[in-house]
Structures are given as structure tokens and as C-alpha cells.
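Have a look at this one.
Chain naming follows the written order as A, B, C, D, E, F, G and H, and within any one chain the residues start at number 1.
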Amino acid sequence: MSAELTGVTQEFEKGTFTLFPGLCKGCGLCIAKCRSKALEWANVLGVYGTPAVIANENCITCGVCQLACPDCAITVERK
Amino acid sequence: MSAELTGVTQEFEKGTFTLFPGLCKGCGLCIAKCRSKALEWANVLGVYGTPAVIANENCITCGVCQLACPDCAITVERK
Amino acid sequence: MSVQPTMPKSWRVDTKPHKFCPGCGHGLVLKALGQAIDELDIQDRVVFGCDIGCSLLAWDFFNVDTVQTHHGRTNPVMTGIKRANPDLICIGYMGDGGGYAIGSQHLVNAATRNERITAILVNNAQYGMTGGQMAPTTLPGMKTETTPYGRDVDSTGYPCQGPEMVAAITREGAYVARASVARPVPLKNYIKRAIENQMSGNGFSFVECLSTCPTNWRTNNVETINFVEKEMTKYYNVGEIKVPDPKEPLGIKTSIKVPTGGIG
Amino acid sequence: MSVQPTMPKSWRVDTKPHKFCPGCGHGLVLKALGQAIDELDIQDRVVFGCDIGCSLLAWDFFNVDTVQTHHGRTNPVMTGIKRANPDLICIGYMGDGGGYAIGSQHLVNAATRNERITAILVNNAQYGMTGGQMAPTTLPGMKTETTPYGRDVDSTGYPCQGPEMVAAITREGAYVARASVARPVPLKNYIKRAIENQMSGNGFSFVECLSTCPTNWRTNNVETINFVEKEMTKYYNVGEIKVPDPKEPLGIKTSIKVPTGGIG
Amino acid sequence: MSEKPIQGERRAFLTGNEVVAWAAVASEAEIMFGYPITPQNEIMHYWTRMAPKFNKRFLQTEDEISAGFTTNGGVLAGLKAFTATSGPGNTLMQEPISMAEMMRLPIVTIVQQRGGPSSATVIYSQQEVNLTTHGGNGEGLRIVYSTATHQELFDYTIKAFNTAWKYRFPTFVLGDGYQAKMREPLTIYDPEVRGIEMVPAYKFVGKPGKPGVDRPPTQLRNIFNMEEELFEELGEQFADFEKISPQIAECEQFGCENAEIVVTAHGIVARAAKSAVKDLRERGLKVGYFRPITLRPLPVKELRDTFSRAQKVLVAESANGQFDQLLKYAAYGITTEMVPLFKPGVGINSEDIYDKVMTMLAS
Amino acid sequence: MSEKPIQGERRAFLTGNEVVAWAAVASEAEIMFGYPITPQNEIMHYWTRMAPKFNKRFLQTEDEISAGFTTNGGVLAGLKAFTATSGPGNTLMQEPISMAEMMRLPIVTIVQQRGGPSSATVIYSQQEVNLTTHGGNGEGLRIVYSTATHQELFDYTIKAFNTAWKYRFPTFVLGDGYQAKMREPLTIYDPEVRGIEMVPAYKFVGKPGKPGVDRPPTQLRNIFNMEEELFEELGEQFADFEKISPQIAECEQFGCENAEIVVTAHGIVARAAKSAVKDLRERGLKVGYFRPITLRPLPVKELRDTFSRAQKVLVAESANGQFDQLLKYAAYGITTEMVPLFKPGVGINSEDIYDKVMTMLAS
Amino acid sequence: MSKVIKIAMAGEGGQGVQSVAEIIAAAANDEGKECLYIPNFGVEQRGGVSIAFVQISDEAIGAPKFNTGDIVVALSERAVARTLQYVGPQTTFVYDASLNVSAEDLPKNAKRILEIPAVEISKNELSPRVFNIIIMGAVVGATGVISVEGAKLAIEKQLGAKFEKQPKLRELNFSAIDRGIDLVTKAG
Amino acid sequence: MSKVIKIAMAGEGGQGVQSVAEIIAAAANDEGKECLYIPNFGVEQRGGVSIAFVQISDEAIGAPKFNTGDIVVALSERAVARTLQYVGPQTTFVYDASLNVSAEDLPKNAKRILEIPAVEISKNELSPRVFNIIIMGAVVGATGVISVEGAKLAIEKQLGAKFEKQPKLRELNFSAIDRGIDLVTKAG
């Protein structure tokens, strides 16, 4: 992996949601764990060529998805 | 071992005490276990050439020594 | 016929006196086992497996089919026989080294799988056959050939609680007890119940027997008895630890469905 | 610098993405472990041992000294390192197959001897690396490659209760817990306490982690989470099982004298 | 008895692990004991799938040590029992197999070799030749068939059960990860339709009658008190093994009569050797092919005849000289040059052998 | 550091197991891991008695598998660690040793051979030659010293630690039950007074500095994803082993220059061979003595030179041809007749060899 | 040398090269040919390049792998790199047009290099799900080692159950095969 | 052959042949000789016949055991039977007079057969505890392989601690040695 990874950051009311396609394996655990139904499959492909995820407006930047991701592909930052 | 073993039988009030020198290894567990202090080392030698045991008049033919003998060298029979 | 020794009928007379040392507890455990076999009248169905350890000396002890296995490997050999012919009554006989050290994976897994075999383990607090080294069962402070200054619990732990461990990992069907050669009657009864538990198809049965080894303990007769009766019982509780619950349904065929995708 | 992934500092970044499958719980356990190492600031003292099993994929996972051992043999390797250099913090990482089946003698005896090592065991209810065979932890009725019609408890027993077993055979000083990847915060806390327990010299510490294996479970994301959260917990209680009792004196040097003749 | 697993015979297209499972049911094997290890896992997978249908039993043990000892138990109770393993599992399995050796238990073990030493690779090698032919402590009295094709994997798995139960030596089928995982056609059959008589199993323990009354008890030991007792016991075993060796040893060869170069290989590498030799011969070159099918006992006579006539022998193996050592031991005294083509842990292709022979001819 | 266990040098009268324990402390070994098995037990017994005095550590493990793996752990942490075993324990020990082979860990193992296969006898044999020289799955890259006298047991135990830590191959001292239990005089010494420099131990893990910051982390593996990775790794190992072999290989011989018969044996049997050959030579007979001290690697050059000059070679071993196989492999191409004197599991006395040579000369 | 057609196919884990190889091999077997199929595998369940080796002949087949293929197919950039070693002067090298490879990355010594737009066709014309069947078609077309009917029969055998439920799938697959054959024969 | 004195001694478990052998060997070592002592052993801790092999020489000693002894001592009936194999034309065979053996049981091929009343002497003259030391004396006397002083020194070394507590024991042991030497030299 290159020293720096490029994330796709989305801004929400209370913070940001960043996904790193270079880490995302498309397992969907984050989707299943997000109680706000704020995650969906993305058009961006992850490291195995399978769809990565993207957040939608439901995101409350609670960070549960970050906790659930086995690959550290999500960073949620609160403002 | 020959099919039949020769025992040394002692008669007491309530029964008999028989020792089989051909089986006795002289471990003395019977002596230690007899609460009546009715057992002593004998002149007869056991199977390993060490002294076997002999009962004395204290014997109440309770059978504890028989239970304690790992070699089945004692048979106590009550009348 | 003159008075004859009161050996269990299942003992093989022509190999007696047996090969154990004077005062060895193995003889007492095997007497109890012989009596249990007699009482259950199963001499023709028993397969006796003896471990390498002083138990190996019992390879021609009984008039029952006997297999001498490897050190620690009696439980799997008995398991293989039982699985292949469930009509046989498989009794594995081993030392504390064989059961709790080198063969502990077999003990643990036979217990977990609830194998229908009976394991009888002779706890003489050290390795008898090899001349008295520390075993998992060696008492704190006890001198052995590999703890010449006494077993140090800080560096080698406390005596292994075998039956308690087996009880912790078994469910319904298992029978677990700790007996002692100092009490020959319960010794025989526990062994008998352990075999009955196998015969009734309930499951794994296990009896640890506190036993003596005057040769390696270097004890005289009184010290020997004192050690097994007073010292060992400080660390080992004698009694039945787990008895099959007659209310619990035994030998249930599972029909549980688990919602993994599962394989095809 | 743009937003960067919130990986534990002790993770080796250049080997990420790691080698585990999508959705594999190993990643979550190793995240928790990484966080614990970070919080304790012990990256320079940790030796990480990974078993053969999917845990082998972690051989270059952390920026800590790492040894890939054999299947089931991580506990003895860690024990050897710890005994040789007690300043190191030895963390063994293994699967349920490695810990409860082929390596169970090592687990049991490391626990009995109260080895000052930390064992982290990933319970994914089957053998992941070899393609999904039954493990001692497989749930009743669960289909695996060697139980194609579902695990039959009558013939293969109930799921192995590892932490309960370890608790039954340890005395003061041991730390025993069962965590789950479904609850990342306690997961990290238990692991951290287990390491602290080693650092304070108390004794053996053991954390079983309920984990996921979507590849061999053949589950999608929702089923995966459901299985670890709902199904596994039917058989496995999550929580701390044994915590060192601060009142009990730890690490006592024994000075017990035992009245066997003892060796010369 | 449940119906015959294979009726008559039919062509099939299977992986090697499937072939073994089918061969085992065809051999009337009743019970398998095993512990997972790549690349032999699918033997267990297919066996467990077939088990209910053909009334077969299976036990997954806690490790290979247990798998070996339960297999010993299975044959003691009188069933055709078998196990399968690889690599570090094979290493561990030698402990139970040494018990089987001492007691002459007819256990059958399938070995699908993977890379070595240690965990190495889960894939392929021929690096378990020494371990499988010689075993643990002791002299390794066992029979080892090294197969090259799926047809042979089927045929020799059946034969292994017969050999084991007829001669009472632990018997191995030595395959490898390639054979385990590849697919190719073969004919599977009910041994009966081929006129193969299956040696029946028999009980060691649990025979009818009360021991000591109706019959002497079976009492089997593996440890002796005195060296002389062991020496005597072993003497009988060596004599038996010696006697039956010519009956058991097998080889395959062609073109060796007038060959300048004989190519020798075993197992799957023999396929490469065979096709390379065919091609070389088509080009009119004097190249022969010699392949021991049994690695223990070796076909010593044929081997010595062939090697002594050749000018050079090319030894090809996916190991660093394990097969070579067996050959040279058997061929001691012969002066034919033996040229190595060793590729430990990786495959040897027909082209590799073809090219090597060409260089040898050129030099 | 605690005071030197042996000051200067002195004559001692010890059992072989005592000798090993003394040699280990003299070698600056720090920790022993072991599991009891006859006939090596007393090594542990003496070691544990000496431990507090010389500040040595000991751990009795749950089995030989664990003893081997903890020994691997001990050297990984940077201590001279060793273990000792025999028979079925040696079989089990091959699993951890295969890890040591793959990772090139300098572990030292003392093997006191007992009868085989299986439990067999607790007494004596030379039946663990194949197992000890070749090991488990894989190619057995290790160094094996076979000792014949207590002096050698002392000298070569010291050497074993040096060889292991210098070359990083698992190293064995191959003794036997007779050597273990017999008493004879020898001189024990502080290696320094003999000018023997002890190779210092070094850490594999736990080196100073923060991994990834001050230094790369040590990350050791034994399994590879692809065959080619393994092939490459092994290639280096073979090259290393090949390169150092001539430095390591040792032998002892006399009277071979013009011998009609060369008697060869290893380990304790070499004593019988030596004294028989001396007696035969005193009678003016042309008999020579050749003994490899290292069984792996073998002193191939010397062996081939000597064997090719002889008319016959008598191979004496307390096994059924395990040593013979090593020799013939090394001697392939030589046509000198090799005459066996194999007594698996029992001792071979000087008279046995004397008589055998006399018959050979007569025939 | 005896006439053996040697095929190596490589791709990423999800691209289905192993299934295609297996179907081709099964088809050859059904046509009574000798054939041998072997996948590569390692410790990593996911993530590595997956390679399938297939050989088909009228005579017994030698080693399960080979040094040089008659047709070598690479479906990802990494697969191109990994398969270069199997390319020789007799090799037809096939790769997908969508790959990000330059001339340098491609084999220098192949008999013939075919770039085929399988990804594009599968996405735009058929369905991403039949991408690998287009590849299969290409292999069948390039080698002629099995008949088109044989190929279809084998697909039917393998996927029959699925086709029962979704009959449209059958057609999709059969079109994919045909399209694949087309691609190489036209390119030829 | 180089001059090696070969001694085999056999008895029941409790008869102390191993201690005697060890003391003889230690004495020889102390006198600067080459010597080798090896016990036999098996799985049974008790019950078997115990045999000790001792060899003493000025030169390096060969194999630890031998086929034929110079002096072979048997202290029980079973020991007589077990040691016959070690007797040859050069052997002095020693056994105790108390044994229940007939001429048939004794070796036919010995150079010399010595019946010595060690049991009797130990019981009646000295003490049963020094029975084995009388035997030691016999061996020393028969072989001359160590000096009487050496033998006594070695006993002192081995049992010194006991002698401190019970000084009478020393005298008893020394008398036993002398008596043993007497027995064979006189018989000679």
C-alpha cells in the first residue's frame, strides 16, 4: 500500500464520512451494522474489484460502521 | 504362577486369615491399614525375597487388610 | 481345594503376582476394576486399553482383550474401537502424565465429543514409569526428579484438576468422579458406575483414582498411606462430581437448523 | 494531509489491505488487539505469535516482532519465548481448531502452569483456513464440510466451552473472558486486560473471541452478523469469566513441605 | 449390507480426492478417521457426503495423532479403517503408525504430499517420500504405493486395503496435492466385476467367546522388557517383509532394453517422464522409462537390471533427492551415472525432462 | 553472570546423561525444555539439580511437541536452549524441528536412542538414525553428531551449540541408551581453557528499538503462498548447507590405507569396531576402521576414498540398515562389497565384529 | 510431441476462470477425450491471482502443468504479469481489451496476441454475469478443442439447475459462448 | 586382545549388584584405570534379574557389554540361568552356595566354577546387609583388578556419610571385603 491512501470523504451535518476504496473489500458488514440505513453499495470498486460503499443523507456520523469494518476502510470524524 | 497357590492360614475366633507368600511383595500396606495392630512382618519370605506378613492374636478378621492389599495376597474369611 | 486368593474372576491368574511394585496403587485400582467387571458380568465384551506409563504393566493383567497403546494415546485407541464396534465396552487405563499432560488433547476432546468410553486415570502425583518426574498433578512443594527442590507453584502452577475440567466441558450424559485407593469400596463403585454409564449409552465417563507410588515417593508403608489419605486430599476432592441427570434427555439426535448458508 | 484511515498505530500500513477475506472477523480482533497495544504503548515489547489457521495471514500484520508458528503450537512457542525473556509480552493468536483441537494439550497445560502469556483465540465455529470443516466449536445442526448434513451432537458432542474449561483449571492470577467481534469495545477492553494481566505478572490470560467467517459460512453481510450475534451466543456466553482476585496473594513462592521421602 | 456403491463400472471425471473416497467405499472400507489438512480435505468431504447412503462412518478427531490412533482402534475392532493426511500431519501420524508397525495393524493411510519442511505450502511436493517410506523411530516396515494417475489412485487404493489386510503391514497410497486437486477421467468399478477379490477384515479384539474360558484373550503389546525380546519380534517381522516383498513390489518400464539414458521418476512426475520419453523415442532417441510403483518395498531386481544396462539414469523428483536416495541404496554397486533433476516443492513438466535429456545427450 | 560451572578441567566418572548436563552448562546453555522419556531422563534430573546454582532455567512441558516448540521459542528469544528425547518422543519432536528447519533456528537436541518402532524398549538401539538425520516432512537440513565415548558426548555437546549458533541449522547429538546410562571416565572442562570460543547467542525477537520505527520488525514465517516462493527459500538453504558441509563433516579412521576389509560403524558400535580392528591388526590382519562422526552431513569425500580402496566393507549397526543406507547413498558408484552386521535394538560387541571379520577373511 | 492442447487461464478471484476451465475440461471428457484440469491454490482464500491449467488430447496426458501453453488467457493486469511465463512461440495470448496494459506489459514472444472486448460486450450487450462464458467461447474458438455443442452441453450440465429457474439465463450463456467464439475467429 | 577385565554380576532386585558394580568401577577409575560400568534395565522397576557389566583396563574400552566375561557372578537361581550366556572357556563363574541349583543348571564350559558361602557368612558371621560387599570382595579377589585399598577407599567414598553415623558399619564392610577376597583366593 502506498504510504498515503486516498479516501472519498462525504460531509454531513455533524461530521464527515470517509471511505478508502483501496481498503474496502465490499463485505457489507458496515451496511448491515448501520442502524440508520445510511450505507449503500457504491459505484466505486474496492480493492477486490467488488463494489465499495457510500453513505447517504441518513448518516448521523455515529461511527458504528467504522467500528464494524474489519479493514479500517471507513473513517468517521465528528465536527 | 501355578494354578493353585499355597496359603498360610491362621485361625481366629471369628474367622481365618490366609496369607499367600507367593503373592506378597512385602509392601506393608496391610500392616499400616490394620487398625487392630494385628499384623507383623513374618519370617516367611514373599515373592521378592522380602518378608511377608503374619497376623497375631489381635486379629478380628475384619478384612481391611484384604481390601488394602494390592496383590490379593490376603484372604480373610469369616465363619 | 485349600483357601485360594480372592482375586477378581476377570484377573488372569497365571500372570500373578503382577508386575507392579510393592505397595503400588495400580494393583488396587485394577482390583476394583476387576470386581466391577465381574459384577457387571462383561468379561467377554470389555476391551481394556493400557497406556504407556506403569499402566503398561497391565497388558496381560486381565482375562479380557487388551491393547497396550502409546503414552497418552489410550483414549483415541479406545475411541476408535468403540466407534467401530459399539457393542464392545471400552475401558482406557492411564496415568496422570498420560491423561493430563501428553494426552490431554485426547481427554478434552473425547469428553467434549461425549465419546462412549470409560477412562480410568491413576493419579500418583508424578511419572512412575520413568522414575518419578513432576506431573501436572504433583503437589506443591513435593520433591520429584525434575523438581528436586520441591514443586514451585509460582513457576509450574498448581495441581491439575482433571475431573473438574472434564465436568466443565461435558453436558448431559457424562459421568465424572474422583476416587482413592484409600477407599476401595467407593473406588469400585465409581468405576462400576462409570462403566454402566458407557453401557447405557449415556456418554463419556471418567474416574480419576488417587493412588500410591512408594517406589518414587520413597515412602514406607505408613508414609505411603498418609500421603494418599492426607496430603493428596488437600488438593483433590474425592467423590462423584458429575452424574448423568436422569431427567435430561440423553442421546438426542439433533435436528437443529442453523441459518448459515451452509455447504451445498 | 488528507483524512487517513484510523488504523491502530501498531498496524503495519504497508501490508494493508490485509490478507483476510471480506467480512472476516480476524480483522476486527486484530484491530482491537492493535488498539490495546497502542493504548498500553508496548509495541516494542510485544512478541506476536500466530498459529497456522487463518491467523497465519497475520504474520506481517503488525509493526511488532511476529512469529508464525505451527497449527496449534502458538502457546508453546510463546511460552518458550516468555520463559527465556520475561520482559517480553507474549501474545499468542490462534483459531478454535488450533486452540481447542490440535493444540488443546498446550492450552490446558499452559493454563494449569499459569504461564504468563496471553492467548487470544478466534472462535469462528469451524476451520476457516482449510475450507470450513467442523471444529469443536461448531454449533449443533450447523453444516460444515465434514458435517454436510449438520453437526449431530449425539455423535460429535456439543460446542466446546473453552474459557469455562480454562477457568476450571486455573487458580488465582488467571484472566479469562469471552468477547465477540459484534461488540468491538468490550472486545478491545478484554484483550487489553488480558495483556495487562500478563504485564503485572499475575498469570495466564485467555480471551476467546466470537468471530465471523462469511467465506465458509456462506453468509451474506446480514446473515453473517446475525450468526455471530444471535446463533453463536445461544451456546457461548459473552463476558468476563475469571478476573484475578486482588485479595488473593499472587505469585507466591511456595515453601510447602510435603512428607514424601522425596528424592535425594 | 447396503447396496454396492459402484455398480459394474463407469467412466468418471473426478478430482483425485474424490477418486480416493470412491475407491475407499469400493474397497469396503467402513470407517474413516481424519483431521483436516490441505490438500487432502476433500477426501473427508466426499466420504462424509457418501456416508449415510452407504452406511459408512466418519470421525473427525482432535489432531492427526488421534486420527492415527483411532484408525488403529478401528482395525483392532475388525473394520477396514483408513485415514488421510499430508505434510506436518504426516509427521505427527508417524507416532500412531509406529504402533501399527509393531502390532502389524492393517491400517491404510492416504498421503497427499504438500510442500515441506514445516507448514511450507499447502500445494504440492514429493518431499514426503522419506517420511512415508521410513516413518518414525524404527525401521519403517510398511508398504507404499506411489500413484501417477487417477486410474491408479483408484486401483491402488483398492489394492492398499487388500495388501494391508493380507500381509498386515501398514499400507500407504502416496499421492500429492496435484493429484488431489486435479480432475481427469478414469473408470471406477466394483472390484468384483474386475475379478478382484477383497480380502475380508477380521477382528483383533472382541472375537466371540469369553476370554480365558472359550479362547485366550487377545493381548497386544508394543513394549518389551528386554532387548532380546524385541530383537526376536523384529526378526520375524523382517523375515515376513523380506518374503512378501517380491510379491508386492511393482514397476512400470519401457524402452529400457537398449536405452542410453533411462529416465526414472515416481508418482505424478512419472507422467512427465513418460510423455517426455515417448516424445524422445518418437524422435528416434534411445531413451527408456523406468518407474517404481511401490517405493517400499522397491522393485529391486528390475531396478538393478535396468540401471545396470543404462549408460546414464536421469532421476526426476519434486524433492531434493529423497527418491534418489531410495534408488541409490537399492542400486548400490552399480556404476551407472545418476543425473539429478530435483525441484523440491514444485512441479516437473514434460518439457523439463525433455530438455534435460537433450542436454545430457548433447554432452 | 554466575561463576563458571567448570573451573579449568578435571577428570570425572559420570553417566552419559550427567555428561550431557555438564556439557550443556559448560556451553552456556541457559534453558532446557523437556519431557520425560527413558533413557534420557537423567539429563533433566541433573540439569534441574544444577539449575539454581548456575542460574539456569528448566521447564517440563506437557509433551515432546511442546518441548520442541518451547525450545524454538527459547532460541527465538535469544537464549541457548536445548531439549533431549528418545524413541517415540523423537518422532513427535520432528514436528517442532521442522519449524526450526524452515526458520533456521539454532536449537540443540540430544537424542538417546532406544528400541523402535513404537515404544519397543526403553533401553538401546541405533534405530533413530533415519529419523534424526532426515526428520519429518521435508529434506532434513540438520547436523547430526553421533558420539561414541563420554569424552565425545561432552566435546560434541559443546560443539553442537557452537555449530547451531554459527550455522543456524538444528543440531543433534545422537547418543543411545547405553551411552546414557553407562559410566566411564572423561575430562570435563571449561571450553575457554581449551581455547574453544563459544559462539554467542543472539536475539531473533525482542531486539532493542521500536519495530517499524527504529528497526524493521522481525517477522518469521514458515508457510508460503506459492510453490515458487518455497522453492526459492529452499534453494538458499540447500546452498548454505552444501557450502558448510565440508567444514562440518568429521570422521575418524585408521588402517584403511591398505586394508582388505574396512569395518565401519557409528556411535557406540564404533567402539566395538575400533577395539576389534585393533585386535585384528595386532594379529597382522589387513583390517581398517572408518567411522563417520557426523551422520549429517556425512564426510562423503573421505568415505568414498576409503571405501573405494577397500575390498570389502563391513557395516555394523544396531539397526536394520539405517546407517547402511546413508553410507550406500554417499558411496553410490563404488563397487566395493558392503557386508551387513545388523542387530536392530541390541548391542554389538567387539567379539561380534572380530568374529565376523574372521569369517569374511576366511571366505 | 503428442498432440495436447494446453490452456492456461488466469484472473482475479471473482472472475470465474476456474469454473470456465472446469466446464471446458468436463466438455472434453464428455466428448471422450483425455483431459486434465488443475487449479492453482495457496493459503490465501481470496486476493491472489487464480490460474487454471487445462490440457486436452486424444492420448494420455503427461504432467498436470506445463511450461508453455497453446493458449494463455489473462483477465486482469496482475494476471498478465503472472502468465507471461507460460507464453512461448507457439502461444496464442488472449487478454481483455479493458485492461490497463501497455505493449511492454504484454508478452514479446507469443505467436499471436489477441485483445478481446469481453468485458465491454458482457456489460453492454449481454450481462456482466456471463463475462467468463465469453472467455470460454474465446478459448473454444481459438483451440477448436471441443465442439460448440459440447461446450453448450457442458454448460447445461453445470448450470442446468439454475436454468430451470431462470430460463433466460440459458440463452444468455449460449449467446455468450457464441460471441466468444466469434471474437477469436474473427480476430483470427 | 587388549587386556580388559570383564565382569558380569547378576542378582535379584534387592541384592545390590548394581551398587557393588558401581563401587568397583569407581575404585578402578580412582586408580586411574579406564573402566566402564553399565547396568541393565527394562520397563519393570522391580521383579526382573538385575545385571551389571563392568570392564576395567589400562587402555580405552570397547563396547559397553561383552559376550563372555572373565568373571561372572550369579546371586540367585534366575541369575544363574540368565548369566550362562556370558560364560566361556576363560570365565570364572561364581555363585552362592545357598542357591538351589544342581550341576545341570551350572555352566558347562567355564574355566572354573566357584561356589562361595557368602549368604551364610553374611548371615552368621557379619550381617545380611553386607552380603553384597562380600561378593565385591570375591570379585576383587578373583580379578585383582583393583587393590584392596582402592576397594576400601571406594566404599568409604560411597558410604562415608553412613559410616559417620554408624562407625561400626565401616568395620563391618571392610571385614566383608576381606572375607570375600579370602573366599576366592583360598578356593583358588
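The rule is short, and it goes like this: a contact is a pair of C-beta atoms (placed from the backbone, for glycine too) under 8 Å apart; a residue touches a chain by one contact, two chains touch by 3 or more.
Predicted, not measured: the structure shown is a model, and the values here were computed from it.
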* To do: Work out which chains are contact partners of both chain D and chain F.
  => C, E, G
* If you take the chains that touch chain E and keep only those that also touch chain G, what is left? -> D, F
* **Pair exhibiting more inter-chain C-beta contacts, D-E or B-C** => B-C
* Structure fact -> chain G to chain H, mean C-alpha position gap in Å, rounds to 85
* How many angstrom between the C-alpha centroids of chain F and chain A? -> 59
* Asked: Any idea how many Å lie between the Cα centroids of chain E and chain H?
  -> 54
* Return the distance between the CA-based centres of chain A and chain D, expressed in whole Å. => 28
* Multi-partner residues of chain E (at least 2 other chains) -> 38, 59, 62-63, 88, 95, 99, 118-119, 121-123, 222-226, 347
* Asked: Which residues of chain B are in contact with two or more other chains?
  -> 25, 48, 50
* Asked: On chain D, where are the residues touching two or more other chains?
  -> 21-22, 52, 56, 68, 70, 101-102, 104-105, 108-109, 129, 131, 136, 145, 148, 156, 220
* Asked: What is the complete set of touching chain pairs?
  -> A-D, A-G, B-C, B-H, C-D, C-E, C-F, C-H, D-E, D-F, D-G, E-F, E-G, E-H, F-G, F-H
* Complex contacts: residues of chain C adjacent to chain F -> 52, 56, 68, 70-72, 97, 101-102, 104, 127, 129-131, 133-134, 136, 145-149, 156
* Complex interface listing, chain F residues touching chain D -> 30-31, 33, 57, 59, 61-63, 65-66, 69-79, 81, 95-96, 99, 203-207, 209-213, 217-223
* Structure fact -> chain G contacts chain D in the complex at 43-47
* Structure fact -> The residues of chain F that touch chain H in their complex are 13, 38-39, 121-123, 149, 178, 181-185, 268-269, 271-272, 274-276, 278-279, 347-352
* **chain E contact footprint on chain H (complex, rising order)** => 42-44, 48
